[in-house]
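Several structures are given next for inspection.
Here subunit A shows up in two complexes: once beside subunit B, once beside subunit C.
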Partner chain A sequence: MVDGHNFKSSKMVFLEAEMNSNVLISPDQLTPQGLLLQKAIITRLLEDIANKKASKEHGYFIAITSLKSIGDGRVRTLTGDVLFPVSFSCLTQKPTKGEVLTGTVERILKHGLFVKSGPIEDIFISEKMTGDYKYVPGESPMFLSEKHSKLEKGVSVRFKVVGFRWMEADRQFQLLATLAGDFLGPI
Partner chain B sequence: MSAGEEEENAAELKIGDEFLRAKCLMNCEVAIILEHKYEQLQQMSDDPANQVSQVFEKSLQYVKRFSRYKNPDAVRQVREVLSRYQLAEFELCVLGNLCPETVEEAIAMVPSIKTKGRIDDDEQIEKMLHDLSLIKKFE
Partner chain C sequence: MEKGGKGHPAGKGKTPFKVVASKRGPSSGREREPVNASPVEIDSDSDSEGFIEEIDFSKSNGKLSLKGTSGKDGKGFSSGKAGGKGGVYSSSKKPPKRDTDVKLQLETPSGARVVMDCEAADILQQIQEQMVILSEDPTIKFPLSFDKAYQYTKEGKQYSDTKSVKDVLESLKNCGVNDGEICMIANSGPETMEEVYALIPSLKENRYENEEPIKEALSNLSKVKLPK
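So, the complex of A and B:
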């Protein structure tokens, strides 16, 4: 069941998406036994997805949950490799603007803090977006609120995604977030 | 598409169609799936750590840390309770993940409950949150 027709405005959480892809099998992996071929295709698909990590369209590829079908192979005349179209389900996660996530504080700097959340490693909360938490320098710097609540490395926080972009070179998302809002902050 | 382009696409693992059909999962459901996957890999291979990607590892750590419900029966009950209301899939998951304690918090986390008229009656929201907390109590 999918909400509405507009994925872009929905607050995505973990999605199990159905996808199609092509797996390339080299001739030395092609044996008369059908079973070994299937294993080679699955292994190759797992490797490809793990290496791909994420895409701008789908977000992070977390785990393949099931294999739907493997189509007929087509031979690549130049190399002799065989291309198999594969249909499968994959767990994915993609950030969305306005969504509320939980994460762990990774680094404290004067101008803000860095947070990690699941596969998303690069989340920055500017000191302008920390509500009434103020930077406190020292050997282990932190952000402190008037009520003496601390934001330091290892603390779990709830934050809202203000914006994000896809970094092609690193194959990951970079997020900007805020703690200013009801029910946001350390949990 | 020329043969050359196709070759390039295949090498890049260009995913063909977009989402054909997608369903949303709560953190606690994902935790169960990923833990099961990890067990499968342990049985299949001598070195399971080699088979799982960083994305998998970090996601597993994350969902284990931020799942309120651990027991598979409890997780099933949570989805069942939330499914009784006219919520969109993602709204259901956000509520199941964030486990708001008050009606105020629930509306703050998922404003569309009110703005899109999913649950008009605050008492109903109260009941839903109460049922969720009972599941936790008896987990």
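So, the complex of A and C:
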């Protein structure tokens, strides 16, 4: 059995992925000096990655670790913009099934509770997976266990990832988790 | 019609190809076939008919699964088989087990490698050091997750020396431990063998092979572990 003191909850697994992206540079950024062009491309790439936040395949983008190559630009005839294919490595974090994470309770509802953890804002623990904890309605609802341990907004909990899915519309992951298990629950 | 022509064995009756050829070349005295008729029609035998092999690339885990239409049913993505709870969210092919028994499943996309927390910590630390200079430029944007990840790896720092950790754990590959499992061992910093097998149940399958090497690795790791 795992000793409670030594049990460490890991966050999501880190990956380093090779990626390719097309960076669009507008004509006003194109100068005769090649050095400025490269900076414009890198800056644009950083911005694109920061805005994209995450992908289904790789998880959340953390940082670009290296630039592999910048290909020849292709002019988009209608707009005059130039498209540069860029190949790079990126450090990412991806949720893993079976993983144990720590998070903070965000919202209590009758059918379960919502938790936030790091970059993931959408983690749902169904009331069927709260172990001994039962829903207690009221002005500030909470989940209460027989031993009077509370689960309410702001409480830190350790949970296990049971499943997850990628939500294309919101560009983020939605996790399904459980508190029923050894060393899971409020910390 | 040519039966069992050049090179074709006089078969049991079925020939691999039935070559229906119109007369080619000069013919002595006989009428020539119209030129615009297709010279050769190959009629494939019923043996090869019907058996179409589809190759299905299952992207999420890089495995190759073959689907044959002649009877055998390949397994595609089964998202339906739920015990009720985790069905819709399941990303594996098998029906989900009891929720608390969910084992660690690391699926690495192609072109990516798993990075240990301590390795990531080093990478992020280097970037952070350059941040001071980089942040003077307002056009440079960093992902939101960067700060969170940086804080996490700094707080969770377990080892004094990443290279030693890598060296110690690389040797485990020789006894069948995969990259994902190595990463989990490094990240969770287990102190006993029981902890290892409890946290990473997939290692139990090869226990005979990996128990001794992992024990040795743990003791080597403890030499570079930082005091709590």
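Note that the second predicted complex is superposed on the first by the 167 of 187 C-alpha atoms of A that agree within 3 Å, B and C clash if a C-alpha of one lies under 4 Å from a C-alpha of the other, contacts with A are read in each partner's own complex, and residues count from 1 in each chain.
Convention: a residue touches a chain if its C-beta (ideal position, glycine included) is under 8 Å from a C-beta of that chain, and two chains touch if they have at least 3 such contacts.
Treat the numbers as computed from the prediction; the structure is a model and nothing was measured.
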* With the two structures laid over each other on chain A, which partner does A:162 touch: subunit B (first), subunit C (second), both, or neither? -> second
* Asked: Between subunit B (first) and subunit C (second), which does A:22 come into contact with in this model arrangement: first, second, both, or neither?
  -> first
* Which superposed partner A:83 touches (first subunit B, second subunit C, both, neither) -> first
* To do: Go through the superposed model and pick first if A:133 touches only subunit B, second if only subunit C, both, or neither.
  => neither
* For A:62, decide between first (touching subunit B), second (touching subunit C), both and neither. => both
* To do: Examine A:180 and indicate which partner it touches, taking first as subunit B and second as subunit C; both and neither are also allowed.
  => second
* **Where subunit A meets both subunit C and subunit B, residue numbers** => 1-3, 7, 10-11, 13-19, 46, 49-51, 53-54, 57-58, 60-63, 65, 91, 93, 99, 118-119, 181
* In the complex with subunit C, residue positions of subunit A that touch it -> 1-3, 6-8, 10-11, 13-19, 43, 46-47, 49-51, 53-54, 57-58, 60-63, 65, 91-93, 96-99, 118-119, 126, 128-129, 160-165, 174, 176, 178, 180-181
* In the complex of these two chains, what residues of subunit C are touching subunit A? -> 59, 85-86, 88-92, 96, 99-100, 102-106, 108-109, 111-117, 119-120, 123-124, 127, 137, 139-146, 148-149, 152, 156, 180, 183-184, 187-192, 194-195, 198-199
* To do: State the interface residues of subunit B toward subunit A in the complex, per the touch definition above.
  => 3, 6-7, 9-11, 13-27, 29-30, 33-34, 37, 51-56, 58-59, 61-63, 65-66, 88-91, 93-94, 97-98, 100, 104-105, 108-109
* Mind listing the subunit A positions that touch subunit B in their complex? => 1-4, 7, 10-22, 24, 46, 48-55, 57-58, 60-63, 65, 76-78, 83, 85, 91, 93, 99-100, 102, 104, 116-119, 121, 156, 158, 181-183
